[in-house]
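After this come two complexes, each holding subunit A, first together with subunit B and then together with subunit C.
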Partner chain A sequence: MGAGALTCLMFVVIALNAIAAAAGLALFAVAIWVAVDGYKLYPISGVSGKDDIFAAAWIAIFTGFAFFLACIFGIFAALKRSRGFMMVYLIIMFIIFLFECASAITAATNRDYLVGNSNLVKKQMLQYFADSSTQGKQITQTWNRVMEQVECCGADGPSDWIQYNSTFKQMFGSTYIWPLSCCKRLSTFEVEDKEGCMVGKASTIFPKGCFQHIESVLSRYTWAVSWYGFSVLMLVFFTLVIAMIYYMQLE
Partner chain B sequence: MNINAVVRLMSLLSLWMRTGEGQIFQPELTPNTFLARITSNTVMLKQPYCVFDQTCPDCEIWLVAGLCSANAIFDAQVNSSTPNILSLSPYPTAFNSSSNNFFLTRVGLLSDFPCNLSSNDQYFVVGADGKCSGINCNGELPDGFSVCFKYLLIYTNETLVNSSNWSVNIDLPKLLNLHNINDGLSARSGAMVVITSILCAAAALLLLLFFIMLCITCCTKKESKEISVTNSIRIPRYDTHDLKNRVHPYDNPAYQSDFKNYSTANTLPKDAAQKL
Partner chain C sequence: MLAVLFVLGMLCPLNFAEIEIRLLDPKIDGVLASKFPNSFLLSLPNCSLYGDSSAELLYTELPSNENKTESFIVPSCPVSLPGFLLKNLKNGTTYNMQYKIAGVNDTSANLTTTTTNVIDYQQIDSGLPARSGAMVVITVILSVAMVALLIGLIISFLFSG
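Here is the complex of A and B:
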């Protein structure tokens, strides 16, 4: 290959590596956002033992930063026109590629277990809400916050509390059918109409279920890790193919 | 006894007159669509306005709540003139297997429910006391059964003045066990299938290309290219002395401007041979 074409190929490799480094850094940032869990829904996945979305986010933090560093090394190796460096670069990038694949696949798969339908979330709510164990306290706190902020009640609706037996019913069933978090409140945080809420008067209780919100948040986390990870991997795949061609043209 | 007979006659007359007027003479569900109108243990009824027409100052309205299969049992026990109607079937043991399957609970004074104050916003919750222990407490109903209600008009000395019809059957839903909810995997989403399959294929392809690249580079290394030397070409300068960064005077002067140390790879004559 002519020197001019080789130089051109070198610039292509350097440009792709620069873009991949930026993309890796962005993956690092997005994965940090997921791991921080701004919507505070971690207990729902943590208590059920299916918190692999967050595990995948942690892997993506490391692989994102590793992509950044390896691509900078790749720029250096391409400039050096050294076969040895390019080989090291290719091997490192391939290993990081495999880890990032694992992260993307794990997040996408685990989301289906958690929020494929509302059953798991509903069962967990009925079992742990108002329970006095550590998990019970976490779930109670999470659900109270969700119900008050998102203005919803139960997983599919207030009828969840009526249809199923639950820890809450066993503890408070003689007085309350559903938690007071299901009731509409004034701006002073007082319940607007406690008597009406306790019998389910339509204007005093939140009629929709919370599952839609929980599903949308967990899906948002999952798509951040897996779809963005997927797009970074496609870019890196293309970069590595070009780098392999460059490697073959060296020397 | 005489007073009782007169009151009974009056109640029969008023019953006949009332049905002529079209009043509802039985307990009814509240017409409002409250979410908790019928739960597995409680039922919300309309308050008994305008059910009994008697003007009986100290009378109380009581409710008989029980399984519909026990309607006949209650009627039989009442007709046998038992003096203590109210303690016929105490709540705590009311729904045991060998029991009567009904209980009585107080709704309120007759004078609290006059006809002209009738309102559909008021309701009476049967079962509001939960699992209580009083004889006539408003305890919860058993889930999964059909329940029926009846109003009784009771005088202060616990004598029955009047009784309404039985309500229609109200089916209580069975309380579902939360452990029967199947929380296994429901379905795999399309996105997951796409991501998994494409990424696995990409990783495999990358590995394959990597091995192909290694094979090609190893194979072509073994082939050695002959350098065809014709006329002016660059020749490798082998430094016999350690003369870095200095031009040798006895080399081809056309390349004297090239200050590179010729023992590096840059000046080996691969490219030059191909240019010819």
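Here is the complex of A and C:
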């Protein structure tokens, strides 16, 4: 390959590495956003033992920053036109590529277990809401907050509390059919009409279910890790192919 | 004959009219449901006729014929609650219910309904429902990419120089 063509290839490798470094840093930032869990829905996945969306986010924090550093090293290795450095660069990038693949696949697969349909979330709510164990307290707090803020009741609707047996029914079933978090509140946080809500007056209770909100939040986290991770990986794949061609042309 | 019937009809005092008793209808009465596993939501006696009187709800559990009574005061107009919640019933059991106003001896017809059954939450199948298309696409394409990169690395290390 002529010297001019080799220089041109070197510039292409450097440019692609610069873009991949920026993309890796953005992946690092997005994965931190997922791990911080601003919507505070972690107990729903943690209690069921299926918290791999968050595990994948932690892996993506590592691989995002590692891509950033390795691509900067790649720019340096390409400028030096050194075979040894390019080989080290290619091996390091391949190892990080494998980890990031694991993260993207794990997040996408785990999302299907959690929110493919409302059964798991509903069963967990019926089992742990109002339970006095540690998991019960976490689930109770999470559901109370979701029902009050999103203005919903139960997983698919208030009828979940009627159709199924639950820990809540065993503990409070003689007084309450559904939790008071399902009731509409005034801006002072007082329940608007407690007696009406306990009886089921339709204008005092939230009729829709919370599953749609939970599903949309967990899907948002998953798409951040798996689809954005996937697009960074496709860019890195393309970069590595060009870098391998460049490596083969160096002497 | 007709005249006799008219006269008899006029002699019938109005307060022998029956109290209405029915389960509330979610579509008409603005409630979520009226049949629960452990309670019924029943219509209240008319507030303009019986407001502030004390009333009794007599209910009988059907297989065992156990008689029970709930006493309450009929709320006066305007009524805030949509109905009367009869609590502490057993699920999947049939009950006979009847209103009776104290003092006036007005009664309602008998209402016979069954409480609903509950499904145990352990029976909900929380296994994997289905794999989404996104997961299949990501897994397949990334697996192919990993293998392609590995082959590419081996080729570039073996056939260099």
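Following the convention adopted for this analysis, the second predicted complex is superposed on the first by the 251 of 251 C-alpha atoms of A that agree within 3 Å, B and C clash if a C-alpha of one lies under 4 Å from a C-alpha of the other, contacts with A are read in each partner's own complex, and residues count from 1 in each chain.
Throughout what follows, a contact is a pair of C-beta atoms (placed from the backbone, for glycine too) under 8 Å apart; a residue touches a chain by one contact, two chains touch by 3 or more.
Values in this document were obtained by computation on a predicted structure and should not be read as measured data.
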Partners on subunit A (subunit B, subunit C) - clash or fit: clash
Partner chain(s) touched by A:Val13 [first = subunit B, second = subunit C, both, neither]: neither
Partner chain(s) touched by A:Asn117 [first = subunit B, second = subunit C, both, neither]: both
Subunit B versus subunit C as contact partner of A:Val47, first or second or both or neither: neither
Which of subunit B and subunit C A:Ala3 touches, first, second, both or neither: first
Which of subunit B and subunit C A:Ser203 touches, first, second, both or neither: second
First (subunit B), second (subunit C), both or neither touched by A:Ala56: neither
Partner chain(s) touched by A:Pro158 [first = subunit B, second = subunit C, both, neither]: both
Partner chain in contact with A:Glu195 - subunit B first, subunit C second, else both or neither: second
Superposed model, subunit B segment overlapping subunit C, candidates 76-84, 148-156 or 256-264: 148-156
Subunit C-contacting residues of subunit A that also contact subunit B: 83, 90, 94, 97-98, 101, 104-105, 108-109, 111-113, 116-117, 119-120, 122-124, 126-127, 158-159, 162-166, 173-174, 177, 198-202, 205, 207, 226-227, 230, 233-234, 237, 240-241, 244, 247-248, 251
In the complex, subunit C residues that touch subunit A: 26, 30-33, 36-39, 41, 80-83, 85, 87-88, 116, 118-122, 124-126, 128-132, 134-135, 138-139, 141-143, 145-146, 148-150, 152-153, 155-157, 159-161
Of subunit B, residues touching subunit A in the complex: 32-37, 39-41, 44, 123, 125, 129-131, 140, 173, 175-179, 181-183, 185-189, 191-192, 195-196, 198-200, 202-203, 205-207, 209-210, 213, 216-217, 265, 271
Partner subunit B, residues of subunit A touching it in the complex: 3, 83, 90, 94, 97-98, 101, 104-105, 108-109, 111-113, 116-117, 119-120, 122-124, 126-127, 158-159, 162-166, 173-175, 177, 198-202, 205, 207, 223, 226-227, 230, 233-234, 237, 240-241, 244, 247-248, 251
Complex interface listing, subunit A residues touching subunit C: 83, 87, 90-91, 94, 97-98, 101, 104-105, 108-109, 111-113, 116-117, 119-120, 122-124, 126-127, 158-159, 162-166, 169, 173-174, 177, 193, 195-196, 198-203, 205, 207, 226-227, 230, 233-234, 237, 240-241, 244-245, 247-248, 250-251
